[in-house]
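Each of the next two complexes has subunit A plus one other chain: subunit B in the first, subunit C in the second.
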Partner chain A sequence: MTRRQLFPPRVALGFLAVVAVLLTIPTLQQRVGFPLYNLIFLYLVFFWITQATSWNILSGYSGYFSFGQAAFYGGGMYTTAILGGRHGWELLPTLPVAAVVGGTIAALTGLLVFRLRKLSGEIFALFTLAVALGIGALVNNWGVLDGGRGIPMGRLDYPAWLGDTTQMLYYLGLLLALVAVLVAYVIQHSRFGAGLFAIRDDEKVAEALGVPTFRYKMLVFILSGMLAATSGGLHAMQVGFISPDGAFGLRIPVFVILMSVVGGRRHWFGPLLGAVLIHTVTDRMAGAGYAEANQIVLAAVLIAATLFLRQGISGRLVERPVPPTVTFVVAFLLAFTVGGQTAIGSAAVAIGAALVVLFLPDRWLRSWRRGTDGDGPPAGADDAAGPAGDDEEPELDRAQEAGR
Partner chain B sequence: MLILLQTLATGIVLAGLYSLFAIGLSLGWGLLHTINFAHFSFVLLAAYVTYELSTAAGWDPVVTMVVTAPIGALLGLGLQLFVTTFKIDVFGTLIVTFGLFLIFEAAMAMRWTADLLRLPSEINPYFTSAVRIGPIRVSMLLTIATALAVLACVGVWWLLKHTRTGRGIRAFVQEPEMAAAFGVNYPQLSLVIAGIAGATAGLTGTILGMYLSLTPTVVEVWIAVVFAVVLLGGLANPIGVMGAAFVIGMVESFTRQFADPAMARLMALVVLIIVLVFRPEGLFKRLVQEARE
Partner chain C sequence: MLEVRGLHAAYGEAEVLRDVSLTVPEGRIVALLGPNGAGKTTLVKAIARLIPITAGQVSVGEVDLQRLPRHRVVEAGVAIVPEGRRLFTQMTVEENLLLGAYSHTARASLKETLALVYARFPRLEERANQRAGTLSGGEQQMLALGRGLMATPRFLLMDEPSLGLSPLLTAQMFALIEGVTELGVGVLLVEQNVARTLEIAGYGYVLEQGRIVQEGDREALLGSERIREAYLAL
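Our next item is the complex of A and B:
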């Protein structure tokens, strides 16, 4: 394998541009005065990106599917709530403590579970679920931690230059999401990531080839736990009132699994995409009062994605980047300017349109494809998920064309 | 001494309820390679059906089993057909049925709202009355559950050990190709198992409908303890399920009596974690591997 640059200029510029734009938004919001809700919405997108990405570096990369995300999220949340809400700490010092708590929970769980002989994926999934529910039960029943009454957060101090609470959440949320995505990106492009992918494909073979499987699994589990817990600690500020049900319930694992499975688990971009997509849809549906219908739709999507879309949307997007992106931009602008939708509403419409284009049968877009083939794949596409299933179809099409 | 006996009795009937809940899951996982998360939804749906029939139609809640068991069986059959049609692997079934679980949960929330629904005690005498054995009292309802559990577990054990159907299934799980070569019709036999597993979910639902205040999320707290029984019991081993349920039931009952009642559920999880670490294959052998020796 030839040694490649970790951040090719195009990727680095892409990251910088996105972050720069996102950094200006709170200032813009104050100057131009668009609805504050957009800022909160974006914070939640960052939150879900962090959670889904932290889940994915363990469960997507190494294949050990965890149902226990809530153990870390809730652990971090309670750390901040107890230190900040009860003992009057400032917000920022609580976050590293939350990370340590999350890392410790992950390390202890990992030490127990990764030492099992014959550990199968199902056992790991249920074991992590049991750990999360167990910690939830402990917090619910033990007065030192909570005892079932819940903890009100009150006002936590933080450095004044971070602005008001919404802006502070926005900036810190963005920072955490950026860290999570960069961690996922770097892992994917390193020996470590290659080792994790090998574990996922066949752990025995990986072991035989000299991948230190136990160390890699422990390391990625701890990283995942730390990220999720830090994000959970920050999220305590957004939630305001911390209860055991909210912190350790099924909602968090459901969503991170859904986002990563739908987005694609083999690529750092997958959970990011899934988080944006699913949070936008959920926000619109809940806003319109269809929370239950939304749950049904999302669960159906989860089933469909498990059965038919092994690579997730990102796998498909890497194959066909341009038409959906163009559709998204055009539809967003149309809905926003002509249609008079809100920014979030337009995004939801545009996502819908882009998804339709993304899943049009390959034949229909052949003329498009011919036009875009010369542009080369987008950033990161060269090392994306290997060919599988429906990848073969366009190749075949092209071969047939060449034959004619 | 009396307290000790009483705690023991409470633990036994609790174990009965757990094994009734877990036997269907254990069968599906061990014999059909389906980890059926939706089992919990089937149970809750049956509980709501019991509630509806008893309050709206005035049935005796125990009699509603003649409806809930077939409903559960049909759901089990439907799921099994779905799984075979799409050829879902073990791990896939866990995610797919988890999706089903969420769909059921939302659908039930739409139909029955998030309010607590409880059978009024005048039409649910089983909840308040007790069976007396000398000075010891145990809940009538849990005694019924235990009777059903023993019936179901021993019945399944007998079916697997001593009938053509059971031998065929065990042969198939061990050696699919050989069994098929000898004419084992697995698709058909698997439907029998799925139906039985579903029916036990229906029965469990009727019991829980009388036992709990129903909300669409009420089964979530049962997930961990039921999976604990399934894993400890050794997959598809009905006697193992009863044994595992006995261990967990006792741990809960004794924690509740002699330590902190709030920690009872937690202890069950601690037992699960300890056992998984030291005996990952569970406390009891898988029935199918038993046949292999």
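Our next item is the complex of A and C:
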């Protein structure tokens, strides 16, 4: 659908710069000797970015809201645990198998819900949840897979150049997050993505316009499942002891939904932003000993995001990118140098400051939002006045507000 | 030639369309008239394969639409401007138009078609980057028509384009629909506004309780007792 370049130079450079900086961090960590925890923290950020992004290309882009993320995540995790932890495979070969397992679960579920029975809306959400819980129950009760004892991971072999376990997780986690984000980016800017967005907004009309809806839904479902399962397989190494509850429970789906809704579901950047934000907040709250209070904070964030931010934080950020970004950088540097905070603590402070700036001029923006965010004028309301009756209304309002 | 022959459709047990046959030639406007609940929208949806049919045939030239996958119907030349417009309200005007040209056949001539649509509806070009949901009702209907034209259809199924429009805007919309035929597009126009419709349609069918009860050219329909009493209140 685009007639522009897929990767304009600015975007390509941005991706390269971020990846280059992230790639140097493990080496820097060894040389400069800043806390190892930073690497673990960043790995978890990568993990959540991958999970949230994989959820979003299905549920955000196509609008099929899934509660079944754990089916893929847990499926991948158990694949690596059984092959590596129990049968002594090396780590790397287990990951493609995990991807195939995730893709297969997605394909079978997709055939069932998209072809056999055309499920959508809340029934689709419930069905995906049932699939995840069902697979969890199967794993919990069937000795061949687990049988409820859990699987200790032990030490899996992997190529030595990946460094120690923390570094290996860091590099592979970064790679998976990069792949997930690039997949989401490319989809969003492709004809495929345009078709998915059309499905989300009106599937019948999309089909009448020529979007092959069944094929697209299957394809994105399988992609989502493969990404989530590969990431789940790698995460088995971080978790160490794999249990059915941990793998197929509600934590993963709830968090990926939270991250994507807060970050914004209509943009590849949304889940990334949400993952960084939510994980940083969660980590700092837990670090400060307020793990319970954290849930209240997250609930409040989710409520605020659903009530006031239909496009998520990324939607607002696209509208006004500069002030929050500058605030973030300045606040981070200040907190890190003058404030003497840790890097993660500084990031948390900076995120807080950037969020405040992002939402500060609400009164100024409110009238503009009213002009563009609604579902349009009620049918017929403007018609008597004719098309000329509401000329440039949003812009006028904004200009008036700004002039006050 | 868009041809519907012996079409039956049902919602569950209830048969909504019974043995409906009609023809739309290229470059002509054919009216589909009838009271609320007669099955007009169902017929349009059945032709566009948005709902399944139980018997009958819908064809464009030699192509049997029922044999195509649903998303290929538009490539066979049949586009729909659905009742209530059903725009992608969260997307911009231009994004809506681009999605209209989603099919492979339409994509080949995307730029030319877009220029053509903008030339016919300058209003849409002015608002190209505005969200479709923020347009006025008349502009939204214009966009729905533009989106339909983006598919480079040979036949356009228009379901109640005057819905919710003022008399003035309805007149403008009908003029635009008449302009569509200059492109060689055949239009099946579903309307309750019978007087207006018969000003631009050369031929018409009357659907009542799922059956075609009358058909004829403009003069025949305007002269018929049934039409005059039931629809024109003369």
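Keep in mind that, in the parts below, the second predicted complex is superposed on the first by the 357 of 404 C-alpha atoms of A that agree within 3 Å, B and C clash if a C-alpha of one lies under 4 Å from a C-alpha of the other, contacts with A are read in each partner's own complex, and residues count from 1 in each chain.
Quick note on the criterion: contacts are C-beta pairs under 8 Å (C-beta built on N, C-alpha and C of every residue); 3 or more make two chains touch, one makes a residue touch a chain.
A quick note: this is a predicted structure, and the numbers were derived from the prediction, not measured.
Chemist: If we overlay the two complexes on their shared chain A, which of subunit B and subunit C does A:V205 touch? Say first, second, both or neither.
Modeler: second
Chemist: Of the two partner chains, subunit B (first) and subunit C (second), which one does A:E122 touch, if any: first, second, both, or neither?
Modeler: It touches subunit B, and subunit C stays clear.
Chemist: Is A:P35 contacted by the first partner subunit B, the second partner subunit C, both or neither?
Modeler: neither
Chemist: Have a look at where A:T213 lands relative to subunit B and subunit C in the superposition and call it first, second, both or neither.
Modeler: The answer is second: A:T213 touches subunit C but not subunit B.
Chemist: Contact-wise, after the overlay, does A:P152 reach subunit B, subunit C, both or neither (first, second, both, neither)?
Modeler: neither
Chemist: A:L298 in the overlay: touching subunit B, subunit C, both, or neither? Say first, second, both or neither.
Modeler: First partner only, subunit B.
Chemist: Show me the subunit A residues, by the header's touch rule, that subunit B contacts in one structure and subunit C contacts in the other.
Modeler: In the superposed arrangement, which is not itself an observed complex, subunit A uses no residue for both subunit B and subunit C.
Chemist: Sort out for me which residues of subunit B touch subunit A in the complex.
Modeler: Against subunit A, subunit B makes touches at 29, 35, 86, 88, 90-92, 94-96, 98-103, 105-107, 109-110, 220, 223-224, 227-228, 231, 260, 262-263, 265-266, 269-270, 272-273, 276-277, 280-281.
Chemist: Which stretch or stretches of subunit A touch subunit C in the complex?
Modeler: Residue list for subunit A touching subunit C: 1, 191, 194-195, 197-198, 201-202, 204-213, 266, 371-372, 374-377, 379-387, 389-390, 394.
Chemist: In their complex, what parts of subunit C are in touch with subunit A?
Modeler: Listed in rising order, the residues of subunit C that touch subunit A are 48, 50, 69-75, 79-80, 82, 84, 86, 88-91, 95, 98-100, 102-104, 106, 123, 131-140, 142, 147, 151, 163-166, 168-169.
Chemist: Quick one: in the complex, what on subunit A touches subunit B?
Modeler: Of all residues in subunit A, those touching subunit B are 65, 112-113, 115-119, 121-123, 125-127, 129-131, 133-134, 137-138, 140-141, 249-250, 254, 257, 261, 292-293, 295-296, 298-300, 302-303, 306-307.
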